[in-house]
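Down below are the structures I want you to see.
Each of the two complexes below includes chain A, the first together with chain B, the second together with chain C.
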Partner chain A sequence: MERTHQYALSGYLIALADDELILGHRDSEWTGHAPILEEDIAFANLALDEIGHAKLWYELAADLLGEDKNRYPDQLVYFREPARFRNLQLVELPKGDWAFSTLRQYLFDAFEALRLEALSQSRYVPLAEIAARIRTEELYHLRHSQAWIPRLALGTEESARRTQAALDALWPYAQALAAPLPGEADLHAAGIVPSSAELFARWSAAVEGFLTEAGLQVNLGAPISDFSRKVHSEHFESLIQNLQSVARLDPEAMW
Partner chain B sequence: MDTQWPRYMVFQQEGPDQPVVHNGTVHAPDAELAMLNARDVFVRRPEAVQLWVVLADVIFTQTQEELSTTASINRLIDADPPPAAGRLIDFYVFGKFTQQAQCRHVGEVQATSPQAAVQAAITTLADKQPLWWWVFPVSAVLKNESTEAEPMFSAARYKTFKDQAEYPVVTMMRALRNQKANQKDTENTK
Partner chain C sequence: MLPRQAGIGAGSPRLGDAELWAALSEVPDPEMPIVNLVELGIVRSAEWQAEQLVVTITPTFAACPAYAVIDQSIRERLQAAGVADVDVRVQHNPAWTTEWMTAAARSKLQAAGLAPPPRHRGNVIQVLMEPVACPRCGSHNTTLQNNFGTTPCRMIYTCVDCKEPFEMFKPL
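And now, the complex of A and B:
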């Protein structure tokens, strides 16, 4: 792989990994708090899976940059400044109620499934292999979150109201999925990664159909003003503080 | 008011040549979510090739002890007047053979009622008598589709899990404690 592509791809992968990490962190906040024990276990599983996927992407980025695969992911996660994370605002919003977290998971999973399908066809073989492996697990995530949507949206009056409120709140943030990831243009031209805009078009069609069928009003209101992954919401700093607090107590600690 | 979701029994087959065995229960509002819950609760680590969920209420159970007492036979007769036009339905038959063993799949029978299914199982299936029988209609079972097996179960195959012993914390704590104790000793001898 060409050197410029190596750098571009490592940036791309770190953005992907940041999405997974932060979503996994938010999911993990349900541990001990989910509506029932079984769902508590399920959501903790999701959280672990997402964080595991983040690790795989960070490690591949480390490979591309010639960094130590065993240390680099920890450095990025535990010692990076909040402003240098490249995740979407969609995944960093506070976990909200059950409808909010489940719907966010669905919106994200549905996009991930498409992106991983495309990435598993990548011309860069190590990337394609990891994508294929993650995709298997993400298909299960999608099935899980997808199963919940109609049950919430068509459930009781209150669950319907909450699901609609969650969709209204999340939709403007979800539009940022259309924005290209860091380094995407070059990598796409080289057949290494898909175009986010193309994936987004397919995602919109599928997701809007599914949500409408579940009786939800898909709100096409204004998207958030800044899609850049360099801009984070007011909630992000405390999330990172929480995530990094233990590691920063003793940076030399061995685990 | 009972606000608890209904209970589903979870059955799991760990390999193509293994029997389907009872593995536990989950609560869920419906069979589809019971299937998802079953996967998350039971299949993360041990392997599986197949999962079944069935509403616990539809499982008819009878222990050997119950079968051998007249009282229970009378109870059965009272509870189960034979249907006039007996429509045969397919039942799965499970048996628990020792106190420790899981209830496992032993075969299928056709019968007009759960009670009749147990009787049919006693005459046609059991090479050795289980301690208790479970029967339930084949139609009541939700099984994972074969196309779903990969996303549902593959993680359990390739994920490695760290053993507690691999975390060196205990050893490290001991080393630190020894170090501190030694320091004190040297200070004392000064």
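And now, the complex of A and C:
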């Protein structure tokens, strides 16, 4: 792979990994707090998987940059300034109620399924192979979150109301899935990664159909104003502070 | 167990393949000690590079928390067999799949009450649509309770006939 592509791909992968990490962190906040035991177990597992997937992407980025892959992921996660994270605002929003977290998981999982399918066809073989690994695990995520949407939306009056409110709140943020990831244009031209805009078009069609069938109104409210992944919401700093607090107490500690 | 041999370093006779794999077959999976790492398909190769033995493993799930224990158990077992210098390397590609699990491992899981992963030949979604047999009573009248279980690699079912919950190793 050309050097410019190596550098671009490392940035792309770090953004992908940041999405997984931050979503996993929010998912982990349900541990011990989910409405039923099964969902407590499910969200703990979702969190573990997402953070594990983040680690694989960070390690691949480390390989591309010639960094030590045993240390680089921890450096990025525990010692990076909040402003340098490249995750979507969608995944950093507070966990909300359980309908909110479940719907967010569905929206993200449905997009990720398409992206992983495309990445598993990448011309860059190490990327394709890791995408194939993650893709099989993610089948279980989508299967889970997707099964809950009609149950919630067609359940009781309260569950329907909360699910609709979650969708209204999440939809403007979810539109940022359409934006290219860092370095995407060149990498896409080289057959290394898919076009986010193309994936988004397929995602929109599938997700809107599914949500509508579940009795939800897909409110096309104005998307958030910044798709760059460089601007974070007001909730992000406290999330990072929480995530990094222990590591920063003793940066040399061995775990 | 082979006797622990202390102080064997460079120049000591190398263990042959049969002895190496016999030793590796004694390393239990940390979360399911009834099965070993070789029959799970986690150990991909064990090869001498000069005086160092390089063991290559492919972890099951990306976020499997048992990895550090697996690494350490392999080292300890081989050192006990007289291999002074062991390096355990992780290879993610090709990705581990439950298709690599041996028939013996599947039978052991079944006997321990953990439904083995169904054979899927690459189509996991298809095989998840098919009924799962209860490992206790054999009934196919079972329902999915949770896509997730007590470890990343398990999911929970309930048997309608014997009323018992059970876990299945996820097809991957």
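Basically, the second predicted complex is superposed on the first by the 255 of 255 C-alpha atoms of A that agree within 3 Å, B and C clash if a C-alpha of one lies under 4 Å from a C-alpha of the other, contacts with A are read in each partner's own complex, and residues count from 1 in each chain.
To be clear about the criterion, a residue touches a chain if its C-beta (ideal position, glycine included) is under 8 Å from a C-beta of that chain, and two chains touch if they have at least 3 such contacts.
Everything numeric in this text was worked out from a predicted model, so none of it was measured.
In this superposed model built on chain A, chain B and chain C take up the same space, so to speak, and clash.
Contact with neither chain B nor chain C is seen for A:R229 once the two complexes are overlaid on the shared chain.
In the superposition on chain A, contact of A:R162 is made with neither chain B nor chain C.
Residue contacts after overlaying the shared chain place A:L139 against chain B and chain C alike.
Residue contacts after overlaying the shared chain place A:H5 against neither chain B nor chain C.
By the touch criterion defined above, A:R151 reaches chain B but does not reach chain C.
In the superposition on chain A, contact is made by A:N45 with both chain B and chain C.
Under the contact criterion defined above, the residues of chain A that touch both chain B in one complex and chain C in the other are 38, 41-42, 45, 49, 52, 133, 136-137, 139-140, 143-144.
Remark: chain A residues 36-39, 41-42, 45, 49, 52, 133, 136-137, 139-140, 143-144, 147-148, 151, 254-255 touch chain B in the complex.
Those residues of chain C that touch chain A in the complex are listed here as 61-65, 92-97, 124-125, 128, 145-150, 152, 155-156, 170, 172.
Residues of chain B touching chain A in their complex: 5, 26-30, 32-33, 36-37, 39-41, 44, 148, 150-152, 154-155, 158-159, 167-169, 172. Considering their complex, residues 38, 41-42, 44-46, 48-49, 51-53, 55-56, 125-126, 129-130, 132-134, 136-137, 139-140, 143-144 of chain A touch chain C.
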